[in-house]
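What follows is a single structure, and I will ask about it in a moment.
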Amino acid sequence: MTNNQLTWMIGGSQGTGVDSSALLFGRACTLGGLYGYGNREYYSNIKGEHSYFMVRVHQKIIHSPLSKPDLLATFDAETVIRHALSVNVDGGIIYNSELSNVKLTDIPTLEHRVLEDLVTYLDNNKLEHSVNGILEASRRNGVHIYAIPYGDLLKEAASTLGEPKLSNLTRMMNTMAVAASFGLLEFDLSVLDSAISRTFHGKSKIIQLNMTVGKSAYDYVKGKYASGFQYKLKKVQTEEKRVFLQGNQATALGKLVGGCRVQTYYPISPASDESDYLEANQILKINPRRLSDSSNVEKTTYLEKNGGSVLVLQTEDETAAITAAIGAALSGARSSTSTSGPGFCLMVEGMGWAGINEVPVVITYYQRGGPSTGMPTRQEQGDLRFALHAGQGEFPRIILASGDQRECFYDAVHSFNYAERYQLPVIHLIDKTLANSTATYPMFDLSGIRIDRGAITNGENLNNLSSGDKTYKRFLFTEDGISPRTLLGTKGGVFWNTGDEHDEYGHITEDPVVRVRMMDKRMKKLETIDHEVPIQERLTLHGNEESDVTIVSWGSPKGAIIDAMDALNDENIHVNFLQIRMINPLPSENIISVLSRAKKTIGIEMNYSAQLAGWIRESTGIAIDHHVVKYNGRPISQDEVCDSIKKLVKYDAPKRLVLTHGT
Amino acid sequence: MTNNQLTWMIGGSQGTGVDSSALLFGRACTLGGLYGYGNREYYSNIKGEHSYFMVRVHQKIIHSPLSKPDLLATFDAETVIRHALSVNVDGGIIYNSELSNVKLTDIPTLEHRVLEDLVTYLDNNKLEHSVNGILEASRRNGVHIYAIPYGDLLKEAASTLGEPKLSNLTRMMNTMAVAASFGLLEFDLSVLDSAISRTFHGKSKIIQLNMTVGKSAYDYVKGKYASGFQYKLKKVQTEEKRVFLQGNQATALGKLVGGCRVQTYYPISPASDESDYLEANQILKINPRRLSDSSNVEKTTYLEKNGGSVLVLQTEDETAAITAAIGAALSGARSSTSTSGPGFCLMVEGMGWAGINEVPVVITYYQRGGPSTGMPTRQEQGDLRFALHAGQGEFPRIILASGDQRECFYDAVHSFNYAERYQLPVIHLIDKTLANSTATYPMFDLSGIRIDRGAITNGENLNNLSSGDKTYKRFLFTEDGISPRTLLGTKGGVFWNTGDEHDEYGHITEDPVVRVRMMDKRMKKLETIDHEVPIQERLTLHGNEESDVTIVSWGSPKGAIIDAMDALNDENIHVNFLQIRMINPLPSENIISVLSRAKKTIGIEMNYSAQLAGWIRESTGIAIDHHVVKYNGRPISQDEVCDSIKKLVKYDAPKRLVLTHGT
Amino acid sequence: MALKLTDLKTSVHNDWCPGCGDFGVLNAIQMSLAEMDLEPHRVAVFSGIGCSGKIPHYINTYGIHTLHGRVLPYAIGAKLADPSLEVIAAGGDGDGMGIGAGHMVNAGRRNVDICYIMFDNGVYGLTKGQASPTLSLGLKTKSLSGPNINEAINPITLAMASGYTFIARGYSYDVRQLKELIKKGINHRGSAFISILQPCPTYNDINTMEWHGGQDRKDPATGKAMPRVYRIEEKGYDPSIHSGDADELNKKMQEVNSLGNQLGDEIPIGLFYSNETIPTYEERVAERLPNYLKTPPAKQQVSGPSGEPVADISALLDNLCMT
Amino acid sequence: MALKLTDLKTSVHNDWCPGCGDFGVLNAIQMSLAEMDLEPHRVAVFSGIGCSGKIPHYINTYGIHTLHGRVLPYAIGAKLADPSLEVIAAGGDGDGMGIGAGHMVNAGRRNVDICYIMFDNGVYGLTKGQASPTLSLGLKTKSLSGPNINEAINPITLAMASGYTFIARGYSYDVRQLKELIKKGINHRGSAFISILQPCPTYNDINTMEWHGGQDRKDPATGKAMPRVYRIEEKGYDPSIHSGDADELNKKMQEVNSLGNQLGDEIPIGLFYSNETIPTYEERVAERLPNYLKTPPAKQQVSGPSGEPVADISALLDNLCMT
């Protein structure tokens, strides 16, 4: 009997509500006092292709999937066919008993390669090419099979409720699959009910329907399969406030609190969810106690009464998105844009312009499978080097990479602070897994958040700045490379910008002497950043400082690594993990000091060529010993990390290990 | 007395013919049996800003400028003011005696910084702020000053020729300045005359005018300043055929001979000169003996009679330029596009598409001063890392960097061969100095040039390829990663392309297994290239293999380094020089074997952060000991290299040396 | 050896939503090619990115699924390198009038002989229903959080201003007419632009098939729906330019613009404009390069039997030769 | 405290060619700002890249010299973040109708309250005279190696199709009229587009000042040049939309298009179209965000005295909070 630890999976055709049911499951678990982590896999398609969601629950906080589900909840044939063989021994499969005879060839969305592999497998095991055959194979593997007559149960519920149409609502099967899982797991039905209430907030009719069909499935399973399943979930009492959210939401929330007031975007997966979220919440509540702009009482009371707002601007393309964001930043709004690889291609020129003109602008970069259009809805961290070197010539940029949803939130705030303090473009690297996976965290602590707008000057300051010379110099040469800036519209603060090399006023120059000073001034900012930004915002060494083995990674693999470290500890394998959050400027000194302590170093990255490892070698001279890479478009799981580490720690291991798990 | 070695400079307002006179000088010297090397400096401006040209001549082949001219030929005041103080001791200045009293403040195009520096200098030397003051300062420095009454001489010539308008033709002063220089140098006037004839080919009136004013200036100087000047040029007899050409011409010629039949472009400095040259020569002579396409006799005889042609397509932007070139490549034409940094930004997405679809396309990338618009007409090699990492995700690309005009020519041919053989985008990196400087070379040897179109399939081949399976597979999995391709329109060869990950037919797939195989197949090509391409096309070790000191560089600094090595040899300093021509895939093994032999390594690059050195460190683990960098927008000179090497070889030298010479 | 419709189909699973207007366009293209007896290898279908962009994978011809907004320059590059290819470009309204608007405008004035089919569904389908540039101001489709904040671009008037020499509006549920339009577009000498009203049942719940079919406005007398779309050719409209003089052009421009602007309760579909008095880009190139049409870039032999280049650049080198 | 013309000048050396049409535009802008008494800090002049793109450096206001083709999105971003700024966008014809055509088209339908001044010289000036998208088919200007191979785009008809609510054509040597056009364009509520015939004496030797002035066609009677350009307002033309109904709009669109197309021997200059019946983008935003005009993005206080964020996201977090 395994309590309060479970990996659950649900699947179905895109557009049939799979996500909603998975989120329902996750919310219910969180409401039941457990931690959840959910990963969503879907095609670049609107309706019909297969989508699935894996939700892992645990009593402690978790940040990663496992490779295999314990319980697979299905209501269509394709989900059974694709995933049944991956269910853990002693796990279970819930399926729609009406679909037993569906043949593999009835599923047009099955890739040729997948079909062939399955047919071979079934033939080898002398099984028929159908749901039945697959289920029989699973059964032989030690998996419990739970048939549910979805249709009959729906019809019953329909007549109980006096809603004859209900029986057609296949969408209801989602809730039934969740409820049936709850039944097997003997989880408290009330948490599902409250999750339903929260999900369909205010729509009482829908709430009632869902609760009814849910209860019927729950009761059916409990009645028929009582206590047969070894996994159980139990409500846990906790005082802790918890959020259950996705990376794109966490990032958007960080932007809102961090002062972002203009977001530009052009639709693209997986970035545009963030903009949608911002637009849906474009009117902002304002904390009146913090309003203190005594210089303009009218405006502050106005803001207090009417709230703030973020302008979300959908542009005609990404070139317009970045340049409009830069325009807005010049006017003085904290501005950002969000995109992924193809869109970033079109932003490169604009970013370079922001670089030479020292404009604070934030680019939230959601990585996905590349190259080119690649796999638009799949995982990869293949864009680090592109982000690092994009743009002709040389100019300073900051690159941050968040490792989980919570970091997405705080790094979004940091991004704006760095952008304004150092007057440069900041790229905030996220990836598809972070963006689309959902996890439970203790409520974010907002008390420590501070906004640093850097050197913005007007009024008296401006006079001082302008006193020596006749007029204000936007690009005044300074020690640390940072020149006080004015916002468009500031009296006495007129300046010029140009993509050309410029003098202190911002006028074009080709003078070789001024050129070198201006280059040096700009590049100097990287040193200033290196000195000023607290190291804990730049990297984290997780685990015991003294371990012999150090894992180096960045971005979403953090979750699987942290979870794996826990699991490995139980097996007496102790490793630590150096997570790099500031990719540029890279905290090289600290990296050297950590890595030179390790006897063995292992890089883990979701790309072909171990991009961060290359950057570390270039910057520090240290070659990481082993590279674990994954580039099949699927996230890395805790057990994949565990297995790799074991292989690399214990045996004479290869330099490069390619992980391939995932469907 | 210094014979047949001279650094000559001429300057003037843009649009007044400075380039033409410098080319005239260079051509004349080449005709006189000497080698020339000319570098052009100009503003991003059409008319009025100051432009100058330095021409170095020598009896042996040379590839670089020197920092200081021996003879400065001027006819306007600004050129005197800007350059007089840089003339070598014992050198000379030719100037227009009518301009002695022009004041520094009369020159509106003088940058504030330049003006201030000059004023300080003149004040320190108690000289007046005028042409006179500057000339006096030069005189005190040991420079000979040669006044010429351009106006009077022009008037005289006008009346001799009965062409009263001539006296207004200030353009004639260019030729007079060249001729006056010839006078001082006692060079044979006949070579100037034949250079004039060649330059104004067919325009007999203009030829006569130029010869007349030329002779008058020549005679004036010879008469007045006979034998006063210590530098002399003498005609050298040679049987060698020689060309005198710019990098953009050499590249265009390479493209023509290399089979390029579609060139797309959007105007941009310094790339569009190449497209202009191609367009001006769009109809191609065909060598009939090589036509052998017996399958289509009609077509070949037609070609023979009518010539070939290259279609030069001016597009609406660079996005269109790269994508149209890719479209043309799919149809089967050898296609390329030329651009510089800002344009390349807009090509990144298209290049990635060519990467995943394995389309042979050549991007000729002319680097200039960055970041952003930067210094559009000035030198820099700041785009290596951008070229290397541009594009989301990972795909193979070849990057070639030429070191001189001759290499531009051959590398243009190589680019197409590699592109087609390995079916990928090839970036040919050139820079402003290469593009716009002009040099004398022995006539290029065409006999070794071969065209390799790689695996293009049709007819019978196609049937064989398709026999196993039902139909042709564009992306057939193969050992070396290369799949035979068909051209659009080939019967039986239908295929699909998509920016998404695809199966062997080219149809979209998100299957994780096929994905990994397809990534591996594409990336495998880098290994194939590494095995197949002869090392001499990838790097060159110049000088003695056994030197203790190894210089590492790429691109146009080659010229200054080679010239400096010669000069250093004379001072008994022996270094060798590893020139990297294939930046990607980098010939790491060979680099390691060379660099690990050296006691001291010195990288020389025209960028801020020593980009190639970073790439070498990342790829080989070897950190180059010293970096000599230059990023003021001006080319590196032989003497700058000499000085740096001496400093670094002899003394306990800094890790990073920034060169700043140039005006 | 007449082609059958099945010859134009692939075995790739079609993953458009049930009821999507894209199916009508796909059928119309396949029928056109079959009727024109264009063998698969003679045709290349280029597409942009979007739901519509997937179309080449369903057609058994060369199929080049390009980048978002870039379908036109790809198609033009391929066509100019080999004018003997039949080149069709296909893409969404976001693809063509949003991110690709610059190419759309600049392709018009070139008049390369291609046929450009634009799917007008008022939304960015594949990215989940954001407003596309053709969605009218103030409309709030299902997936928008508020009414559309931008005016619409009218594809027809924009095409007219851009210089397309063949301009039509089709409707994806009038496959018969659409097929004829596509055949004409392919046959047209020059750049043909066909804007297709393509309902997206998933995201655009306003301009639906029912709406176009007038299901919301029944004839009180007969009780029958009064469709909003009607075929312009059935009204005797003449789309052709005959003399090509300024007056005729000006008048026709006015007519086409006002047909284009009719998008309310009476929506004309059909061929609005056809002008063959303007030379194609290929013809203009042929004036510069006399050998162009006979030996276009893709068909030129560039090397001899052992790879020796056939181009003879000796004259050019001699020009630069200083001896 | 009326502004003087010199208040609008900078000390930067102007490096346009002698006789360039750009000088007229510069003067007209400076005169407009002075006459409107717009203090330097209240105005931001954005520009593209080209000879024309250098203009901000010569004007003493905030001057943002952006990227080639991108002047509009920069300007729009700045304006929307702070609608109290006076925003002028300026750029070449290559900048606006070539590489920037997509922005040009999509800006029209937004109707942000900016004034966009396009320099139409028929060439890419700063890159040495290649044909720009407005150069007519078949013309061979000095720097072209052969006659222009593309049709021209007409800026006026394109602007009309794109939805600009103020459309004018100016001429850079009629500075008086131009100044008035610019003042009106700045005052116009919405996106104003002013296309300026701007001779480039260095590269365009066809559409020169002399040509526009009719120096090549003298009145046989008087011997005086008969200028090709004429002021439309002197013919009693009414550019305004009054009711804004479909019929009026349709008629005016026809009129404007035919004025636009007149580029031969009779070239009208002046204000062709002015429509204030369409709400600006800012007004539409204000319908979504009631506080927008009063506290636009750039003017919102985002942090308290020691940097505490003022945004209160607790309600949003509560929504995601599962306890």
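Note that the chains are named A, B, C and D in the order they appear, and that numbering of residues resets to 1 at the start of each chain.
Just so it is clear, a contact is a pair of C-beta atoms (placed from the backbone, for glycine too) under 8 Å apart; a residue touches a chain by one contact, two chains touch by 3 or more.
Since the structure is predicted, the reported quantities are computational estimates derived from the model, not experimental observations.
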A-D compared against B-D, more contacting pairs: A-D
Whole-Å separation of chain centres (CA-atom averages), chain A against chain D: 42
CA centroid of chain A to CA centroid of chain C, Å: 38
Geometric centre distance via CA averages, chain D-chain C, whole Å: 31
Residue list for chain A, restricted to those that touch at least two other chains: 43-44, 316-317, 342, 349, 353, 372-373, 498-500, 508
Touching two or more other chains - residues of chain D: 49, 67, 69, 98-99, 101-103, 105-106, 133, 285, 288
Overall pattern in which the protein chains touch one another (line/ring/star/complete/other): complete
Chain C-facing residues of chain B, complex: 27, 30-31, 195, 198, 238, 240-245, 249, 253, 256-259, 261-262, 264, 281-287, 289-293, 299-300, 302-303, 306-311, 313, 315-317, 319-321, 323-335, 349-350, 353, 413, 440, 443-444, 446, 449-453, 487-500, 506-508
Residue ranges of chain B touching chain A (in the complex, touch as defined): 43-44, 111-114, 117, 340-342, 344-346, 348-349, 352-353, 355-357, 367, 369-378, 380, 382-383, 385-386, 388-395, 498-501, 503, 508-516, 519, 523, 607-609, 614-615, 617-618, 621, 623, 631-634, 658, 660, 662-663
Chain A-facing residues of chain C, complex: 13, 15-18, 49, 51, 67-69, 94, 98-99, 101, 124-128, 130-131, 133, 145, 202
For the chain C and chain D complex, residues of the former touching the latter: 69, 97-103, 105-106, 108-111, 133, 146, 149-154, 157-158, 160-163, 246, 250, 253-254, 257-258, 261, 278, 281, 284-285, 288
Residues on chain D engaged by chain A in the complex (per definition of touch): 10, 12, 39-42, 44, 46, 49, 54, 56-57, 60-67, 70, 72-82, 84-85, 102-103, 105-106, 285, 288-292, 294-317, 320-323
